[in-house]
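Okay, here's the structure, questions in a sec.
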Amino acid sequence: MVRYILRRLLQVIPVFLGTTLLVYYMVFALPGDPISALFGDRQPPQSVIDTLRSQYHLDQPFWVQYGIFLQNLFTFNLGNDFTGQPIAATLARVFPVTAMLAVEALIIQAVFGVAFGVFAGLRRGSWFDSTVLVASLVVIAVPTFVLGFVFQLVFGVQLGWAKPTVGANADWGNLLLPAVVLGLVSFAYVLRLTRASVSESMNADYVRTATAKGLSRPRVVLAHILRNSLIPVVTYLGANLGGLMGGAIVTEGIFNVPGVGNKLYQAVLRSEGPTIVSIVSVLVLVFVVANLIVDLLYAWLDPRIRYDQ
Amino acid sequence: MTNKNSHFVAPIEETPLLATDTLKTDQAPLSLWADAWRKLRRRPLFIISALLILALVVVALFPGLFSSVAPNEGCELANSEGGPTAGHPFGFTFQGCDIYSRVIHGTQASLSVGVLAVLCVLIVGVTFGALAGFYGGWLDIVLARLGDIFFALPLILGALVITQLPVFRQNKSVWTVVLVIAVLAWPQMARITRGAVIEVRNADFVTAARALGVSKFSALVRHVLPNALAPVIVLATLELGVFIVAEATLSFLGIGLPEGIMSWGHDIAAAQSSIRTKPEILLYPAAALSITVLSFIMLGDAVRDALDPKSRQR
Amino acid sequence: MRFTRTSKALGIVAVAALALTGCGAGGGSNNGASQSGGDPNKIITAYNNEPQHPLLPANTNEAYGSHVVELLFEGLRTYDPSGKPVNALADSIESSDAQNWTIKVKQGTKFTNGEPVTAKSFVDSWNYAANSKSLQANGFFFESIAGYDDVSAVTTEKSADGKTTTTPAPKADTMSGLAAPDDSTITVKLSQPEADWSLRLGYSAYFPLPSAALADPKTYGENPVGNGPYKFAKTGAWVHDQSISLVKNADYSGPREAKNGGVTFKFYTDPGPAYTDLQSDNLDVTDVLPSNALKTYVTDFPDRNAAKPVATDATLNIPPYNPNFQGEAGKLRRQALSYAINREEITKVVFNGTRKPAQAFAPPVIEGFKGDLAGSEVLKFDPAKAKDLWAQAEKIKPYDGSKPLQIASNTDGGHKEWIDAVANGFKNNLGIQAEIQPFAKFAEVLNLRKSQSLPGLTRAGWQADYPSLYNFLGPVWATGASSNYEQYSNPEFDKLLKEGLAAKSTGDANDKFNKAQEILFKDLPGLPLWDYTVPIVWSNNVVKAETGWNGAILYYNITAK
């Protein structure tokens, strides 16, 4: 087991190199000079632009730029972004905020999605099942920018239950409203995945056996049906954690959350290669670890699954 | 059958089998898919959803049959956010275009984006996921990590770069958007498939099939995959809707469909201008999207049921 | 906007060269005097976004940084709400020949770190800003001073593959025309006489810096120390991507004394959430409204809104390199396009009256503005005339309509709505296909414009650096001017501008500038669209807010309830 985990962690290295290379190249391929864009409509003298370009190595060929990035990385120096701010400080600021948001959203979608999904799956075709289907349709068909806006207006402005925006006060309470909005779309996925697995497991032999043995209904549902239905759900949640950490551009924008998504979006629009690659580097680590946890959970959920082959 | 002690079950004459459990010895057993199809075509859920989808396809192919008003023509600002009038049952958009006509004519692009993107994601995602999950080892490592790399790409960066490729720069089309979505969304599908395949690959019936001499690959295709499809179908049907909405976001940022191609995504994005004054404008394209997603969810449900031998109805 | 070398030959370049977007939030103290019942110690919150550069006045050329810098510093002069300069730290500014200037600096004022503000503070700061090695975006503000060329010198290298690179190579550290003979006197020698050179002394590039700033500009830019009506609340008051907190500078006495205890700028990447925050009194004032709130802000904020015309306009530029719009046929088509835009209706429906249809190439708030210039009838909506002109052009040379006429714009600035409306106008009235050419990144549009490769038209806008007619013409339409990206060129137009700059009186100058506009109306290198007003709203926590001549909120004048 330990060997398996170690082997998986070692795989971080090629993934990391692959991702950073790809992302760095993508930024490099974007048209438009990021330095002159920094000054907008009002361009400074060309010497200012040229000097800044060479300060940030933008006048170098791609491989040199990427090499400098890697070299800096190994000395734990992420450098500065084009506005002169240290990137490491930016990462330290945005990741905790988004991590809180992601965890909160993940809990919301996992708890409600699984609970509703189990009920819907146990009572397929009931009014509850149909209501839940319609609700998840609404969530899918209404884009986040509308959903977020409506929630903000209703709960933030009209009812005053929560602060409409987060801004500098990112704590669990203030992040609840964006977390709900963020969790809603994935909630539909979790719900329908759970529902499908549960209705499938319900007819499985081991469930019939358990029921025949006289086990109580809750015990059958929790220990037998649910546990065996969780693999797709866990897979989805694991993948989704990565997505949430990558930042929900729209949701973070609507609620003015100073997190990864907002920063990444700004950085992409400004072609700030170093910032983008640094953020993505952290994300890759998150993905790899999340995936590893998911794979370990498989073995726990279904003892037939083994990795030490 | 003379020695009664050699049987623990009652003789067949004493416990007649129900019709469904009787093995018909006079004909060859149906294949999994033929069996599924036989079950499927009798289910009302399937019939309703198939009809709905058929209707959508007809609208997508022949929008002119349903709307006499040319879309995107004669948009007069004087009609901005106007209510329904004769010949314009849904009223007018912010720009004063006929909403009904736009929704009808937007079906083609939206349906194409949704269906094509889901198909691409299914082809790549299911293939990679199934191979990785079933064979494990190095194949799993390579494919899963490849997925990680693509998963880490920020959507907007990927979209910006892909739409900047020389091929697409001047002629963006439905395929540009499909490509963007497919490139960035396949790892999710691959991971779900991989998880489901890992779960099924150790099942008794797979071991049995292998023991009977079925090759590893055909065990995967004929026994493992069909039993791992449930989460794949759920994900695919939901993604259909999510992708159509994703087109809205991309178009809104200027990296989606060109203006000349009408789509629900364009309309949903444009309705943002009216959200404080006339939110109804948003409802029509969103409703069209909901109906589409609903039909595919129902279809997915029906197909999944038909494929699952355990959940047959008694 | 930066001026090219050629412009230096012109007479009074001064005003045009000034590039601040948020400059001149000055004066107006008498306007707010009637506000009463406020709490002078309460801190107000205001909409802003992360400044793009460290907070050095001469390097701040965008609105977000300007909002802060304007409050942290006080210059020799400042501007009242109508844009008129008034003396602040200057006791007197004199010159007998318009070339040699003597400025007397008020004595006894201090930076908030205790360092006195003297003539030397100014001279050192200006020399620093002008030095090409300092990389200050607004260093060219000093180009009229003798010796600027040496301090700002650069070398240009051409590499093997034909790319040119410019590197700073100053030949001197100080401008020869600039001196501080004693603590209260600055003497300035210009390279040539410029009658209204002193007008620019209120711009932020001319703010004084304490000596610590020059020793380590980068560290200083994070925690600037100034001499203005406000100061940083504490070291580290700039929380990146979140906020900047300013508190009242009790030692300040001048025309812009703070009527509140401080201003906290909250950062928003989008004006939508700021608007929602204002609706629930979580934010006190904003000068940027989301475009979908233009129709509702008056009802959402009854008695808590204001809209004032400002010196900003918008045009639709037609690149001279587009074959469809060249020659005699092109001229007719440019006119046809202009006649096909219903400015009245678009400003009413799309902007809900927050923009006014353009009457010329400059807005009416500018002194010398004339609304009935020869040729300005093309700004009227006249579909019949548009069709007719288009048909005439067709007879000369057929229009290549193989691709729709595209209007390039970035998508993040709320431009899509009006561009769609303009495109629909072209479709309905000229029978051609037209659509927005959207770009997610502003840099891409800039890139296409700079490299002369726009496939169609582009939107353009101009915000005045200084309220002058010339400022709307020179930097945008003169041959080789820095913001003349489409490279329009007409020698007759250039000549009139030159004559205007050399004119003896403002009236004479404006006559020449208006004549120059008539040439623009003939050539139509761009179609004037509309002039801006800046609508602002404020919360229940404050008494009232107002904007200055350039649309910047007068933060110091806001009283909390």
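All chains are identified by letter, namely A, B and C, in their written order; residue positions are counted from 1 within each chain.
We adopt the following convention: a contact is a pair of C-beta atoms (placed from the backbone, for glycine too) under 8 Å apart; a residue touches a chain by one contact, two chains touch by 3 or more.
None of these values were measured; they are calculated from a predicted model.
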Geometric centre: closest chain by C-alpha means: A
A-B or B-C, whichever has more C-beta pairs in contact: A-B
Rounded Å distance between chain A and chain C, as computed from the means of their C-alpha atoms: 40
Euclidean distance of C-alpha centroids - chain A vs chain B, Å: 22
Chain B and chain C, separation of their C-alpha mean positions in angstrom: 51
For chain C, residues contacting two or more additional chains: 440-441
Overlap residues in chain B, where contacts from two or more other chains coincide: 156, 160, 272, 275
Residues within chain A bordering two or more other chains: 30-31, 149, 265
Residue ranges of chain C touching chain B (in the complex, touch as defined): 291-293, 295-296, 342, 345-346, 349-350, 404, 410-411, 416-417, 420-421, 423-425, 427-428, 433, 435-436, 438-441
Chain B to chain A touching residues, read off their complex: 136-137, 141, 144-146, 148-149, 151-158, 160-161, 164, 187-188, 191-192, 194-196, 198-199, 202-203, 230-231, 233-235, 237-238, 241-242, 245, 248-249, 268-269, 272, 275, 282, 286-287, 289-290, 293-294, 297, 304, 308, 310-311
Chain A - residues contacting chain C, complex: 30-34, 36-48, 50-52, 54, 59, 83-85, 89-90, 93-94, 149, 152-153, 156-157, 160, 163-165, 167-168, 253-256, 258, 262-263, 265-266, 269-271
Partner chain A, residues of chain C touching it in the complex: 1-2, 19, 21, 50-54, 61-62, 132, 135-140, 152, 154, 165-168, 218, 221, 239-243, 266-270, 272-274, 276-277, 279-280, 282, 412, 440-444, 446-447, 450, 461, 482-483
Complex contact set, residues of chain A against chain B: 11, 14-15, 18-19, 22-23, 26-27, 29-31, 133, 136-138, 140-143, 145-146, 149, 185, 188-189, 192-193, 195-197, 199-200, 202-204, 231-232, 234-236, 238-239, 242-243, 246, 249-250, 264-265, 268, 276, 280, 283-284, 287-288, 291, 294, 298, 302, 304-305, 309
